[in-house]
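So that you can tell them apart, the chains are marked A, B and C in the order they are listed, and the count of residues begins at 1 in each.
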Amino acid sequence: MAENASAPQSAASEVALQATSISRRYGAVVALADASMTLRRGEVMGLVGDNGAGKSTFLKILSGAVVPDTGSIEIGGVEQSFRRPSDALEAGIETVYQDLALVDTMSAVQNVYLGREELSKNPFLRLLNVVNDGGMRRRSREVLAELGVGIQSVNVSVKGMSGGQRQCLAIARALLWGRQIVILDEPTAALGVRESQQVLELIGRLRDHGVSVILVSHNMQQLAQVADRVTVMRLGRTIATRTVADITPETIIGLITGALPADVATPEDSATVVA
Amino acid sequence: MTTSLITAADPAAAPEGRGGRRRPDRRGPAGYRDALSIAAVWLVLIVATTVVRPDFLSSQTLLAVTFTMSISGILAVAQAIIVISGGLLDLSLPVALVFSAWATVTALNNGLPTPVAIVIGILAGAAWGALNGLIVVFGKLNPIIVTLATGFGGLAVMLIFFTSAQIPSASDLRLYGLGRFLGLPNIFWPMVIVIIVAGLALHFTRWGRHVVAVGGNAQAAKARGINLRRMRLATFIGAGAVAGLAGVMFSAVTPSFTAAAGAGFQLIVIGAVILAGISLSGGKGNLLVLLLSIGFLATIPASIAFFGLPPAWALVFQGALLIIAVGIDGYRLKRTAR
Amino acid sequence: MTHSTTRGRLARLGLIGLAAGLALTGCSTVGSTAGGDSGATGAADDGTFTVGFATGGQPDADWQQLQGDVAQGLAEQRGWDFVELSNDNSEATATKNADIFIQKGVDVVMMFNGQPSANPVIAKKYEAAGIPVVTFDIAQPGWYFVGVDNAAAGTEGGTSLGELAKEKWDCKVDLVISAEGTAAGQINTWRTGNARDAVKKTCPDIPEGNYVSYEADGNLTTSLANAPGVFAAHPDAKNILVVGLNDQAVVGALQAATQLGRDGSIMGWGQDGGLITGDNVDPNLVGSVMYFLEGYPASAFEIADAIEAGDAPAVKDTGDDAAVSVKPCPVTAEEAASIPSIEDRVSQLASAPKGSTEYDLFCKA
């Protein structure tokens, strides 16, 4: 199940996801005019933009929750057609939404395995659809420990957990399932400073495991700390992609607000430009 | 969900310290707490009645209580499945029950063998559940409103087809309904089996996990690739099949019934489910607690009889219980939402 | 899915409700039939005496439609015009029917209205139009009340049961169970209470402590849920009598006795005759009281005859003081088996001499 969890971190220039010229309209409203992104193996890509710039529509399309009108998505060079979230999950894209997608009334381990429960090894119980609780518990403990996620017990209902714990759990789940690509939507928005730090460290560990991360955030400092590159969206378009090391937060803010024009900045598909 | 996020402290750094201050919200203990509190209330009722009437603890009382538990217990499992899966409430269960019972006795009256008639009864319940499920899922309507409507409509349609239905008095099923096993009414045992099987299935099968997840947070379940429509439809059909079994048992102990005969079960079944801590907001519930809850409610009429209270007290108790049960549910929600 | 009630959903819901309403109306359309040749349309003008008859239209009661059939036969027998409508078990329809009858200028209205909340309004309309009304079973001030004598029904049922107890057990009765239907109010007091009192009177030596009551709510399901405790609470009782609001309530107790193995020596006497006929009569239901509800019009036509003769009787409009009290007919299970089916009774009544009631024809008491 998690055979890719500790994949080599080297393959630096390998493209994990290629989204090209994606658009989507709701009636007369153009939510996404033209969005493209090249995500490499083991990199953290920041995604920034003002409210209504199209970030969330773009994310929903990448996670299969919304079907695009035009454009293509390739994963590992293979063209994808996501009709529903489970398609994206199968293709190896894990999305952690702001609401964390945890079921409060269920335990940590149940949440981690939700939708992909391991069945019992006993053939008879397996036939009866009985799950292998022991195995799932063991495996979640291992992965959570490996990622440094501290929770009292995997059997505890997640309702009692802090925001940071919940966020970490949701992210760790991606790794446990061997996802190649993880999309994080404002993972630290509701967290305090120290909890945010925990989450950022976890993102760093994901990258170390060779996972590619798309990180939506409004926090430029955090992006500067953890992201490799940043893609800027404005008015439904991806207008620029920059290497974080090369730019200042002011530049990004200028791009977001339109103070810096897109055409003066890097062209849309900047994958070849920045290296 | 939002409230729990507003915590600045770092849990990962000092999990032990936080654990101490946080309300322990382990699933097991919460279930135990519900079980213990209902068992305690039940025990108080039994002790109080025994103090007044020492002969309360008798095999006759045991027969009376277990018999009264049987059909409402099975029906309560059907309701519990709906509630846990986030379907709010199925108000048409009494109609599902009578429809299944009618299908069963009609099959028997047409000379079909007993096992076939039983299967027909269960399938009738499942079909009824499928009808509700299809309307809820594809109409995207509130299940309470839908089942209220189908309940009324179903009753009206049944009234067209029969004024009263009777099981053949010499049929095997009727004799089964009059018999006993291990000193308790025959129909008690299917109820116990249904509660155990459904309880285990909810907790230890993939299907059960998905039912709980859909009820607890439908969007989260969907994001995990669980097909909400399919799950909702399946839970309505499954719950309908359980109600169908209740109908089969009902036909076995009721020599003659009208289309409206199920109405008497509505309150006790909803009351039992809420009392058992199966929150109307979905996603949680323990069927063994439900068994205790049914047992407690089934003891009340016997206690009233032993106390020699006037008959109207039965109605007063029923109404009061429902209010208390809803109050408890509201209190639990408020407490856990902090 | 969400359960928010957006405008669109409400609209959809409304449509469904509307469709359901239409479907229901479609199922029980106003049945307007005409007796004889005169037809139903404005027949009053020719001076022929016209009866307006509104059936209850409750779907679970065959007798309501049969009341209409009986009334039609009686009108034909007299050469009167006859207009029949169905109240469709709805206040609105009942009110609308009143307007139709008034417009047609009927000379007397007979009705059963199972949704009596509209009756005060309907009464106002008829009062203004000067049309006398005969109501079945549900009293309304100013209307001739025709209904079964529930008080007598209780007493006669209880007396019959008491006499059986005297004959079989020499009045040695350990338990007299009343399967009450509290919600039925006065009717419950008449049927259940009077039956209990009649048992007391017939077998005065039964100790007061042997009389117990429980809530059966007039239906077998509730009765069967609550009765087991009653038997458990009286574990030593052998000879047991059961009375109650109706057959369902009594049979619930009898079935509970069977479940608890207490049916060795138990007798129940029901009310309304609902479960005393058929292939599946509870062996311990020794008798019931039949009301011949479908035959009510025979009593109502006694009043109509007087009105037609220009000699309208004084209005008696309560159950205690009824214009015509329909005599109840207590029957043992064996007697019940020899009473003709409801359809046969209706056709026999139609061909019986004027003034016959079903009690005269079928009750051999």
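By definition in this document, a residue touches a chain if its C-beta (ideal position, glycine included) is under 8 Å from a C-beta of that chain, and two chains touch if they have at least 3 such contacts.
Here the structure is a predicted model, which means the values were calculated and not measured.
J.: Which chain's mean C-alpha position is nearest the mean C-alpha position of the whole protein set?
T.: B
J.: Which chain lies the greatest distance away from chain B when centres are computed from Cα atoms alone?
T.: Relative to chain B, the chain whose C-alpha centre sits farthest away is A.
J.: When the centre of a chain is set as the mean of its C-alpha atoms, what distance in Å lies between chain A and chain B?
T.: Each chain reduced to its C-alpha mean, chain A and chain B end up 41 Å apart.
J.: If you average the CA atoms of chain B and of chain C, how many Å lie between those two points?
T.: 35
J.: Where the CA atoms of chain A average out and where those of chain C average out, how many Å apart are those spots?
T.: From the centre of chain A to the centre of chain C is 71 Å.
J.: Contact residues on chain A for chain B in the complex?
T.: Residues 63, 65, 84-86, 89-90, 95, 97, 99-107, 110, 114-117, 119, 128-131, 133, 148-153, 155-157, 159-166, 168, 190-195, 197-198 of chain A touch chain B in their complex.
J.: Mind pulling up the chain C residues that touch chain B in the complex?
T.: 1, 3, 5, 9, 12-13, 16-17, 20, 23-24, 27, 59-62, 178, 180, 182-183, 212-217, 219-222, 224-226, 228-233, 235, 248, 251, 255-256, 258-262, 274-275, 278-280, 282
J.: Mind listing the chain B positions that touch chain A in their complex?
T.: Listed in rising order, the residues of chain B that touch chain A are 1-2, 4-13, 15-16, 18-19, 22-28, 30, 201, 204-207, 209-210, 212-213, 215-217, 219-227, 283-284, 336.
J.: Please output the residues of chain B touching chain C within their complex, sorted ascending.
T.: Touching chain C from chain B are residues 53, 55-56, 58, 60-61, 63-65, 67-68, 72, 88, 136-137, 139-142, 145, 149, 152-153, 156, 159-160, 163-164, 166-169, 178, 185, 218, 228, 232, 253-265, 268, 301-306, 308, 310-315.
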